[in-house]
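Please go over the structures that come below.
Across the two complexes that follow, chain A remains constant while its partner is chain B and subsequently chain C.
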Partner chain A sequence: MGGSLNVNHLAFLANGALWTIGLSLIALVGGGLAGFVVALARISPLRAVRILAAGYVQLIQGTPLLVIMFLTYFGLPPLGITVSPLTAASVSLTVYVGAYLGEIWRGCIESVPKQQWEAAEGLALSRTQRMMRVILPQAVRIATPPTVGFMVQIIKNTSLASVVGFVELARAGQIINNALFEPFLIYLIIAVVYFALCYPVSRLSRRLEASQGRPRLSVETA
Partner chain B sequence: MSDIANVATGATVVALTNVHKSFGPLKVLDGVTFDVARGDVLCIIGRSGSGKSTALRCIDRFETIDSGEIVVCGRKVHDPALDLRALRQDVGIVFQSYNLFPHLTIEENITLAPTCVKGTSKAEAREQARAALAQVGLSDKIQHYPEQLSGGQQQRAAIARSLAMRPKVMLFDEVTSALDPELTGEVLKVIEGLAADGMTMVMVTHEMGFARSIADRVVFMHRGKVHEHGTAAVLTTPTTPELAQFLGTGL
Partner chain C sequence: MKINLDFGAILERWPSFVSGAIMTLELAVIATVLGTAIGVLGAIARRSGHPVATRVAAFYVESIRNTPLLVQIFLVYFGLASLGVKFPAFTVAAAALTINVGAYTTEIIRAGFDAIPKAQIEAAEGLALSKPQIYWHVVMLPAIEKVYPALTSQFVLLMLASSVTSQISAEELTAVANYIQSDTYRAFETYILVAIAYVALSLVMRAGFYGLGLVMFPRRRRLGTPL
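Then we have the complex of A and B:
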């Protein structure tokens, strides 16, 4: 069986790593948009909307991402919808990440004190204005550290896209290993690359968390 | 004086008539009736749990009532079809915990509602903010964030925020309860200024000395009812033993 690890293999891995980053960004943007809708739906004044959103979250959180990947990739073609591996991976991650981010963000929105709603209401702001101008800006601050932290999960979870044949970092490693059969070396490289991608993000998350408790300026209290 | 003026103009700004309200099995308001004439200051006093804050919050429809009638600036507050945002443009409310928006500067806190709700231009809203802050003595804090201010300053900023909406009546819900005596003094001075300018106000307060000096009318609430109702004189010469006991004068 064929040769040893060379520059071409490394280039192939690098290309896979780029797709891992790309897929992570797609998942963050797609899942972020879906999550935003889910978060708002979860606290909607309409009961039916709340129930629907809660059902979605429960369903997705109770299903492995791997299965969601299979369902989109193999389940949609019989319905007449053909999907490429990239589409399947993007859709699955969006659906999956949307449920989790929606739940994280709902918590952040609800952690803005109730009195802030009341103060805004007392000033005659509409519900949308209260949400957009008063509550969400505060919720975003609260949400940033956990969202960045969740990004680490997203990066690692993109490896599951390999099951539908999408060539990201993990799949690239598999393919090279099939040729070289050097599993320890190759998966070690893969692990190091994943770590290199995730570690800065998780550091950033911790930094944000630490800086959040710090007030802008000391308060001149009584 | 004010009584004569009211009779002449017939201007009742806030009127509660036989208002009932329960939280579950707990009767909080048990047939509350009182009204406030234009330009008057009404102080609601009473023990914790006597229903005074609830009565105040009902005026701005932060609580819905079970029965009775509330009319504020000619609007039927008890009517389910009430235009809430219109009501809240007429009514300003200030809370015990200030509730300034922490992500906005003091100026932005004040200009937010006029620009969003009334469509006031940014420049004009800024001008109003400056005027409102001058009124509460905080002109130098306009670009500060709430957390950079003391409690008393935050509360004055919250008052300015309400004033910028040019309300017809102001509600104060124990606005000095979280402040020490010195800071309480600076907030009360602002409220005194408003009273002198003729602002109609309803305030729930524990500051008896202040109520005595500023109130045109006093409502003493006891077990969800208006137990005693009169001019500020009732605070000096209470007619019921409950109010006397509450005031600590004994009988």
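Then we have the complex of A and C:
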């Protein structure tokens, strides 16, 4: 206790906010790569691959991110794999985001009109050519608004990295609060910073949705 | 490297896991019921056209949807504490989860209201249905029916998100796991088990919502449209 909020505290929070952005980008890139593989695996011609990918999605979507964080950070060391907070957070977010983006993108790929698949097949394009040259370019357009929308979920979910001691925005707030004990003020500041990070992205995703002219109902994680 | 898994010591603690799972479900049910009520009120407010009500509802929805649940929980926890009243962790957790899910529900139900064609209401007026009848049978129930799948997914996600309340020591499933792993040093086994428990809980909730949907929307049941 003691002391009041000063410039050093605010600098510490700003540093935390930068790590929140950094972790969000790591999660987006890592989860995006994983999600791409999951999306393709979910529509694979091989049954075993489809089932495997569906199992992965079901399992991850049925587990809280918090538990995945604890599992990587506390669960792996006893098995002989030591992980730093940053590694644990990055791996957990990648695994988690991969399942959700994979499902979103599978939906986008499948919503490319069936005639496009048939036409590409009629032109004797191979499966890879069909995917790369006909389906994916169109799917990317459909996928942009929901992906930007999911970015908001990613930013918010990085706050859970605080439970494994990674100093991002939420953890930075906790640390300062331990010194000053002004919880309401500090968490209000934290909330405002998160809002400032998320709201523009929310707005952008809504604008993109509106420009495509089909509002969709998205389900969001807290 | 030798991997040595031992689930025995963890499984011995099954009564703790069961009580944690029950609290998780309790939190989910409370927040689902109250959140639906908030959602309906919020959706009505957002569509009311009343300048104050619309703005208050919009502010509520946007501020909740653009901040993390973890921070909201801390704000509710310390906010209530600063009033000088000591609430049990369960109450705080239930309140925070309700406030959180209410915002998402507002948006979903609003989309349901928006999807009701105006002609349908005019047709009901033409059939001389009373205002309350129209509101209930032509607007409310069909609106909820339209967004029922999105709503139920949201509530399952809420149940999973309730794990975050372990951070203010509500004794739900994740908090129980934290306690047991620090006691047994069997972190991997504990969290694997808890992950499986959460998957099971979400399947239970999905099954429950499916059954509830069959009861609530008999028209859909007759038509055989999947929920």
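In this text, the second predicted complex is superposed on the first by the 213 of 222 C-alpha atoms of A that agree within 3 Å, B and C clash if a C-alpha of one lies under 4 Å from a C-alpha of the other, contacts with A are read in each partner's own complex, and residues count from 1 in each chain.
Following the convention adopted for this analysis, a contact is a pair of C-beta atoms (placed from the backbone, for glycine too) under 8 Å apart; a residue touches a chain by one contact, two chains touch by 3 or more.
All values reported here derive from a predicted model rather than from experimental measurement.
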Residues of chain A touched by chain B versus by chain C: which partner has the larger set?
C
Now for A:Thr94: first (chain B), second (chain C), both, or neither, which partner does it touch?
neither
With both complexes overlaid on chain A, does A:Ser205 touch chain B (first), chain C (second), both or neither?
neither
Looking at A:Arg133, would you say it contacts chain B, chain C, both, or neither? Reply first, second, both or neither.
first
Once the structures are superposed on A, label A:Leu160 by its partner contacts, choosing first (chain B), second (chain C), both or neither.
second
Kindly classify A:Ala191 by the partners it touches after superposition: chain B alone (first), chain C alone (second), both, or neither?
second
Just which bits of chain A does chain B share with chain C as contact spots?
215, 217, 219-222
State the interface residues of chain A toward chain B in the complex, per the touch definition above.
113, 115-116, 118-126, 129, 133-134, 137-138, 141, 215-217, 219-222
Which part of chain C faces chain A closely enough to touch in the complex?
1, 3, 62-63, 65-72, 74-75, 77-79, 81-82, 100-101, 104, 108, 111, 147, 150, 153-154, 157-158, 160-161, 163-164, 166-167, 174, 177-178, 181, 185-188, 190-192, 194-195, 198-199, 202-203
Would you mind writing out the residues of chain A in touch with chain C in their complex?
58-59, 61-68, 70-71, 74-80, 152, 156-157, 159-160, 162-163, 170, 173, 183-184, 187-188, 190-191, 194-195, 198-199, 202, 215, 217, 219-222
Give every residue of chain B touching chain A within the complex, in rising order.
60, 62, 84-86, 88-89, 91-93, 95, 97, 99-103, 112-113, 116-117, 145, 147-152, 158, 161-162, 165, 179-180, 182-183
